[in-house]
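Next, two complexes with chain A in common: one pairs it with chain B, the other with chain C.
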Partner chain A sequence: MSFNARITMPTDVRAGEIVEIKVLTRHPMDRGGQSDGRGGTVPRKILNRLTATYAGEPIFRFDMHTGVAANPFVSFTTRAVATGDIVFEWREDGGATYTRTARLTVT
Partner chain B sequence: MSSVISPRSRRSEAGHDRRSLLAGAAAGLVVAALPARAATDISPERAQLIARITEGALPERGRITLDVPALVENGNSVDTRIVVESPMTDADHVRWIHLIAEKNPFPDMARFHLGPRAGRAEVATTLRLSQSQTVTAVAALSGGGFVMADADIVVTLSACIDGG
Partner chain C sequence: MTQGAVALALAAFAAVPALSEIKSGTEFLSPDMRRQQADETRNPAFFWVEQGRELFSRKPTPDGQACVSCHADPQQSLRGAATHYPQVDAATAKLLNLEGRIEQCRVERQGQPAFGYESPELLAMTAYLGSLSRGLPVEVKTDGAARPYYEAGKAFFERRQGQLNLSCQQCHDGLVGQKLRGDTVSHGAGTGYPAYRLEWNDVGSLHRRLRACSLGVRATQFDYGSPEYLALELYLAGRAKGLPVETPGMRR
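After this line comes the complex of A and B, so read on.
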């Protein structure tokens, strides 16, 4: 399994506070096009989208192309409104998806 | 013995001269390039790439900061941070931020979709650059306008050394 994600964000925040969420993903982000040694080329295999949903509502989307580095890092912000799960979903070329969840507690 | 050492020392002297000459030439280039940057002219290729994502609209400069290193040793991973001055309210917010590298095999690198719930229009990521070039960030505002910023990056090790 070549996918792994590390999500860094505060767990306890006050309502209205702006939270910075940092996501570091382990993924080769193979841009494709190299020779596979049998006369063909290696197909592109990257994570092409990261969606973040906070308490059921989408808050952030990151469309990635081959210009995003291997092991992509992304940082974004959201305003804390209510205690809830932030769900991160990645979509990989070929249709595979990966999901991770982080809990944000708002006081 | 001395006959071996002295040619070496001469070569080293010559190398030093060549280096200082190159450094001087590079400094001259930088100085010569500065007025051109101030004029903010955009190459036709880059203008076309920008027009394609803004549907023809010409983005304004200002209100957006693109923070990238001026020189990177490894084009495989370039830390990038984009900040747009925006209140991020329902009426006035940043819809998305798009990153273009004109000389990459695929110039469109990434797009961040934001909304009023972001609180602050600030994103960071790591990019992959094939060569030294100008990186452009274009942000779409909720009012229908666009803002842009660009930065020149010198890449010493390309991200595409295996010929891809």
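After this line comes the complex of A and C, so read on.
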């Protein structure tokens, strides 16, 4: 249960409307540096980037650093253009990525 | 220093507030944090509630029984259950809080090893079961079999302890609303626990919070689930009678 995401946004909007997208993430955002008990230190393991694309177009990017709290919450807006998927991708230290998709229906 | 000591000594004689005056910890939060607590889309503790809901319906072993096989339709059957804890277990005559009851069920009914106090699983289960009572008033029993535990908790609350020689009562009755280390002293109602504390970046149990308070007055920190903290938890719940359960809460 190290990663989980809760994406909140309206599902049905009119074309041209401003859509608020809220993204709450469950992640410990371990900034590392603590002793591992064997003489070494625990490496940093945070989500270092969140990107969102809407119908293939990048609409949002958030570079995260060690100052970002655990379980980060971000909110941003975009303009509804056409029905399509909004794809969220998180990049974690170590190369792992997590993806979530939300459908935006534009009428 | 001397002035501070005098102020504390005076506070010790402050009148004990009537139970109706006890306010929830939420009342002492900033408006923004209150909104965040109420908003499922922004309160991170709901991840734990979600995990607890999954654990509740998952079989611990392929041929084992999930919690839902006994507690069908928990939204109905367990709504309000958390408002009665801590309570005295009829079979063992011991005081059990919600964590203790979950562990008892897991060990005796499910035949599984206990999750362990403060494990993510137990916190998730407690947060989930607590959330089923959201908005319902606390109604613990403080008489009958629970009386001695309640009295022990009250004595703990009123006893001066630690290097700073402070009792819980001096701050949580006498200095309520005043500032301490950048936070506001509250009545110490545990109605939001397990809660997401910004200081922890994590969900923690009431006993974790009590340990932090013990450390704050440089007193002995008792173990998670210790009889001392269980009795205190019952006393605090007794003080908070009638206040709505807010689990999962958010605290600074």
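We take it that the second predicted complex is superposed on the first by the 106 of 107 C-alpha atoms of A that agree within 3 Å, B and C clash if a C-alpha of one lies under 4 Å from a C-alpha of the other, contacts with A are read in each partner's own complex, and residues count from 1 in each chain.
We take it that contacts are C-beta pairs under 8 Å (C-beta built on N, C-alpha and C of every residue); 3 or more make two chains touch, one makes a residue touch a chain.
The model shown is predicted, which means the values in this text are computed figures rather than measured ones.
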Which superposed partner A:61 touches (first chain B, second chain C, both, neither): first
Partner chain in contact with A:34 - chain B first, chain C second, else both or neither: first
Contacts of A:73 with chain B and chain C, given as first, second, both or neither: both
First (chain B), second (chain C), both or neither touched by A:8: second
Partner contacting more residues of chain A (chain B vs chain C): B
Contacts of A:26 with chain B and chain C, given as first, second, both or neither: second
A:103 touches, of chain B and chain C: first, second, both or neither? neither
Chain A residues contacted in one complex by chain B, in the other by chain C: 22, 29, 69-71, 73
In the complex, chain B residues that touch chain A: 76-78, 81, 99, 101, 104-115, 117-120, 122-129, 162, 164
Complex contacts: residues of chain A adjacent to chain C: 1, 4, 6, 8, 22, 24, 26, 28-29, 69-71, 73
Contact set on chain C toward chain A in their complex: 41-42, 44, 46-47, 50-51, 120, 124, 196, 198, 201-202
Touch list for chain A against partner chain B, complex: 18-20, 22, 29, 31-34, 54, 57-79, 81
